[in-house]
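One structure is given below, encoded as structure tokens.
In this document, chain identifiers A, B, C and D correspond to the written order of the chains, with residue numbering beginning at 1 in each.
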Amino acid sequence: MIKAGIIGATGYAGQELIRLLYNHTKVEIIHLSSRSYAGKKLSEVYPNFTGILDIELAGMDAQQMADDCDVVFFALPHGLTAGQISEELLEKTKIIDIGADFRLKDKDVYESWYKVKHSAPQFLKEAVYGLCELNREQIKNARIVANPGCYTTCSITSLAPLVANKIIDNSTIIIDAKSGVSGAGRSLSLPALFPESNESFKAYGIGNHRHTPEIEQELSSISGKDIVLSFTPHLVPMNRGILTTAYASLAKDINSKELTSLYSEYYKDEKFIRIYQDGSLPETRFVRNSNFVDIGIKTDPRTKRVIAVAAIDNLVKGAAGQAVQNMNLMFGIQEDSGLNTVPTII
Amino acid sequence: MIKAGIIGATGYAGQELIRLLYNHTKVEIIHLSSRSYAGKKLSEVYPNFTGILDIELAGMDAQQMADDCDVVFFALPHGLTAGQISEELLEKTKIIDIGADFRLKDKDVYESWYKVKHSAPQFLKEAVYGLCELNREQIKNARIVANPGCYTTCSITSLAPLVANKIIDNSTIIIDAKSGVSGAGRSLSLPALFPESNESFKAYGIGNHRHTPEIEQELSSISGKDIVLSFTPHLVPMNRGILTTAYASLAKDINSKELTSLYSEYYKDEKFIRIYQDGSLPETRFVRNSNFVDIGIKTDPRTKRVIAVAAIDNLVKGAAGQAVQNMNLMFGIQEDSGLNTVPTII
Amino acid sequence: MIKAGIIGATGYAGQELIRLLYNHTKVEIIHLSSRSYAGKKLSEVYPNFTGILDIELAGMDAQQMADDCDVVFFALPHGLTAGQISEELLEKTKIIDIGADFRLKDKDVYESWYKVKHSAPQFLKEAVYGLCELNREQIKNARIVANPGCYTTCSITSLAPLVANKIIDNSTIIIDAKSGVSGAGRSLSLPALFPESNESFKAYGIGNHRHTPEIEQELSSISGKDIVLSFTPHLVPMNRGILTTAYASLAKDINSKELTSLYSEYYKDEKFIRIYQDGSLPETRFVRNSNFVDIGIKTDPRTKRVIAVAAIDNLVKGAAGQAVQNMNLMFGIQEDSGLNTVPTII
Amino acid sequence: MIKAGIIGATGYAGQELIRLLYNHTKVEIIHLSSRSYAGKKLSEVYPNFTGILDIELAGMDAQQMADDCDVVFFALPHGLTAGQISEELLEKTKIIDIGADFRLKDKDVYESWYKVKHSAPQFLKEAVYGLCELNREQIKNARIVANPGCYTTCSITSLAPLVANKIIDNSTIIIDAKSGVSGAGRSLSLPALFPESNESFKAYGIGNHRHTPEIEQELSSISGKDIVLSFTPHLVPMNRGILTTAYASLAKDINSKELTSLYSEYYKDEKFIRIYQDGSLPETRFVRNSNFVDIGIKTDPRTKRVIAVAAIDNLVKGAAGQAVQNMNLMFGIQEDSGLNTVPTII
């Protein structure tokens, strides 16, 4: 049994991770830590766990947790994890950071987008970007994995085959992204109140959303050349789900059918990436509560553009599910362990 | 492995059952039958199953299915199942009817509430009412189990301890019930359109909802005397979930704390029934995608009434989940097999 | 022109009142006061007012406002209004209190349910309970009107004809009420976050909701005898709307048709009360953004009970709309001025 | 009083138009026609009209209606209006077509996108495209006005200043559009059921949505050169509202502040177009139930693109409201008559 601990267990990503780990046959949850709710029982904070996992939330830090755990998940706001990582810690336990601190390879890029100083830049090189389908081999041997941002998994996987195969003019990439409200986390704010977000739709963070450099970094890495792109997130009045609609100008003559084949081939060994056939398109409900990335691709002969639509569950493949997938890879167990549930379409 | 077939596989209850059976380690899905979609692949109707269960939907009837299956689930509108049940069929396979045809013991009551003639009344006596927590022993030996209606499981379990212990005046029972829209099924109708049910709340079926006699039958059976009660269903603009608020006048002096203890004791061996403590109350999201019945009880000294609030997921404990629980009992395997998921609170 | 001011203008009731008064041809909005947003423009807090009413929010108190206004609306949490009311103030201006401070005639009842000391009990007798359809004549001459609570308007109007005509056993009244989330106001709290209230349904305040004594007071007044009743509120995942389902045992033999006629007769001169005919029932969307109370009545011969279903928009007839109706009465202008919009069914 | 009739009165656009015309002080509703509900009372189909407008729905055709009405609104699916328009009709009454039949100037373009033959192409030249802010003078003298599609008003108004001022490279325009579900109309279909569209988000009609040529036609007309662009609609789980996010590469060096000023100047005389200042962005709730187009503009120096975000209520400015605005212009009355309501933010 893998002994697991979670720091930041009572955020939305944290509680989803508890849910997934609880049903994982090879994992034992040892510690759950929460700054806000230390001393309370998990079921007092999340009554859905009543009678299932009546564990007490601790206030413990990473060092303590590392003594008892084979893997420690961090699910904290950016800036709070980096300061807790040390060589000593990494010798004791494996780290999966669901937050943002180790995703960007370049300290300056991190500090410029996040407006904070990075307190452990010495681990940026070692940390592996945990998009499993792209970096599987490195993840297997990593001591520290940076779990991708919710928007980025969807964005990168739906554009990777185009960039890798030089199908598009990379300077024309535009990603129009839409997320359910759980993506905003559990902190109190006026715009997150039900009557303020229900029955409404809006854009936010135009030109400055922090997932942008992450997407650019990974696609640039695939491309071999620097990619700069537009990324615009929007808020959808629903709990879960992200859908991205990515646009780019075609650099070669190719139709929808050929592109779909190319995607199917590119991801042919990937259980969690489903390529839609015959012009059908993903919807967020088709992946709800699952670890899938669903992708549909169309070319538009009128405008000579390709439009790639992708859907994930932001709390699963966009956070906790991919963290479990990363853990599975790091511990050499079957990659889909604990992730075999069927999406709940209703 | 239990070989299972489903007739009516593409309704909301049917697809939920496929989802649960797919993850059940002791079950193999052999046949799925659908009148509307025979010949199509399951994933064409429900794209969430893409790459998971690429089975073709058959148009076959119960007789054919019985040859290959150890258990056949019926998930059909009322009146359509009874005509397919025969002694010959029951000698070949076990039957779990998620529909209404075998729930009422009295043929006349059935015909009066459902306005159709019952075509297999000879099996009404044999059929066991499949509310697992109440009729566990009979279910184990049943050939045909009538899975309870979605509203009834919630209503009966939250009132049973009161009736069994003669705590209330049975003539004063009022159940005010609220259901998510998936309870209305998948048929096309104007009131089921998104803009007609979203952002609105309504009552329906006042005084004539067909789950009423079912609740009366089971509570009367517990009481030993005939119970007549008020039942009013309402529609909530959400996908899943039922919450019932039941009222009755207290026949003895008892407070909230004592009643809560009594409920806890009454259901002490029941994994799927959770009694809320210290005045806390269930919410439908605390049981979403799970087989739990969550119950909170309060007495009101001003009015000398008890109010029992209960929540279930209408598609799980209210339909497919309880059907799986019944199957587990009928086949002598662990009662919670395939039903161990944690509710998804978000 | 009636010169109007609002204290507590940026809560949900307050902003709705601004919206209604802005379109009222006989009213001029003079001052808007907000403790939280004083100094900001209204459109910074509520961008829907951009280019329509670019007024600055003041932090002024009632005394200042009274100098300039013919009527001052208070839309504050309970306990905050009473302290601002004085004889001096009432000599300058008319007061409509949308809050709770002057609704209950009995200071002890107020203090017992609200757990605060009442700081202006000397005006409790003078204040008129502003349910327009019941107390029209008194309202016309009032200096201070206590606007009813959102749940109470719906509850009282749907039961009044039964109580007035001695149709029911008053000791059996149960009101099961359901409200949209805007009823909880605009303050920050975890349960009010979108992902915590969306796709879920719950009961709250069982046996102790503060609208209970208000309903009892008014129905007792109609009855001439003390009425004690059960009232249970629930939260519906929608922005606006309240629906109440009221139950009582019939004290005489009467059917749905006769009762419907009795209601139609009782409210025959009331523009804002619509009695549904032929067994049809109200839905909250049928009254959205309007000042109507829609009522449907059914008797259940099996249980000898009557079930009265009523719907209002909690922010209009449940708060700001009724406040405008009260103002119209107090100033002798047409009662429906500014309230003639058609409900928006979509 | 303007005597008005509506053909197709019971669709979502039709009922919204009734609602607006009912409150219009210069209009009298003479006839409402509905193929599906002829003979029924309006309030039987839409109970929100109970006691307000108890008119009977007729099955009459345009010719009959024209005898009694000064203006006839058509709110029919495409292809059904063209066949009813004749010189004789236009001599009797003015026509406002909320449908698509007279929006495209080029018969071939219409037939290619709509896949039907146009049955009155002789009026295509005469018909005026009814985007009031762009074609005000022509509308004033028109006999037949083609009300714009819901997506197009938002798209065109948010891009017009850029095209008119040659700010962008017109070949790079991409419009990513999102609509509430009422945009799909009131016809029965599986994807429109509540449980199938609630809590989900999807794209549809990629590369072939029929509003595309309309947007291209109007922007080309402003530009003086042919514009071909990408348009992708999406479905948002909410009743009302459209938000468009438009992207284009900047052809000159300009920042957000300068662009905002340019928009403010371009629309300085337009009451119904509101330009957001200081980087703030529209949300669909800020325009709900109103005739406003709200626009926010940002440039992104990293990608040298402009992003223009615009929001409307699809049933008001996107359909019925703009139809009323067109009527006001055609009859020489104040342009905002009947359209002065404040958006309902909750």
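In this text, contacts are C-beta pairs under 8 Å (C-beta built on N, C-alpha and C of every residue); 3 or more make two chains touch, one makes a residue touch a chain.
For clarity, every value in this text was computed on a predicted model and none was experimentally measured.
**Q** Could you compare the number of C-beta pairs in contact for B-C with that for A-C and name the larger?
**A** B-C
**Q** From chain C, which chain is the farthest off, judged by mean CA positions?
**A** Computed centres place A farthest from chain C.
**Q** Taking each chain's centre as the mean of its CA atoms, how far is chain B from chain C in angstrom?
**A** Chain centres of chain B and chain C, defined by C-alpha means, are spaced 38 Å apart.
**Q** Measure off the straight-line distance from the CA centroid of chain A to the CA centroid of chain C, and report it in whole Å.
**A** Those two chain centres are 46 Å apart.
**Q** What parts of chain D, by residue number, touch at least two of the other chains?
**A** 12, 180, 182, 195, 198-199, 237-240, 282-283, 285, 288, 346
**Q** For chain D, which residues count as touching chain A in their complex?
**A** 172, 174, 176, 178, 180, 195-196, 198-204, 206-207, 228-230, 232, 234, 236-241, 243, 245, 247, 281-285, 288, 298-303, 305, 307, 309, 311, 346
**Q** Which positions of chain C touch chain D when the two form their complex?
**A** 12, 15-16, 18-19, 22-23, 46-53, 182, 199, 239-240, 271, 274, 276, 280, 282-283, 285-290, 294, 315, 340-346
**Q** Under the stated contact criterion, what part of chain A meets chain C in this complex?
**A** 12, 180-182, 186, 188-190, 192-195, 197-199, 237-239
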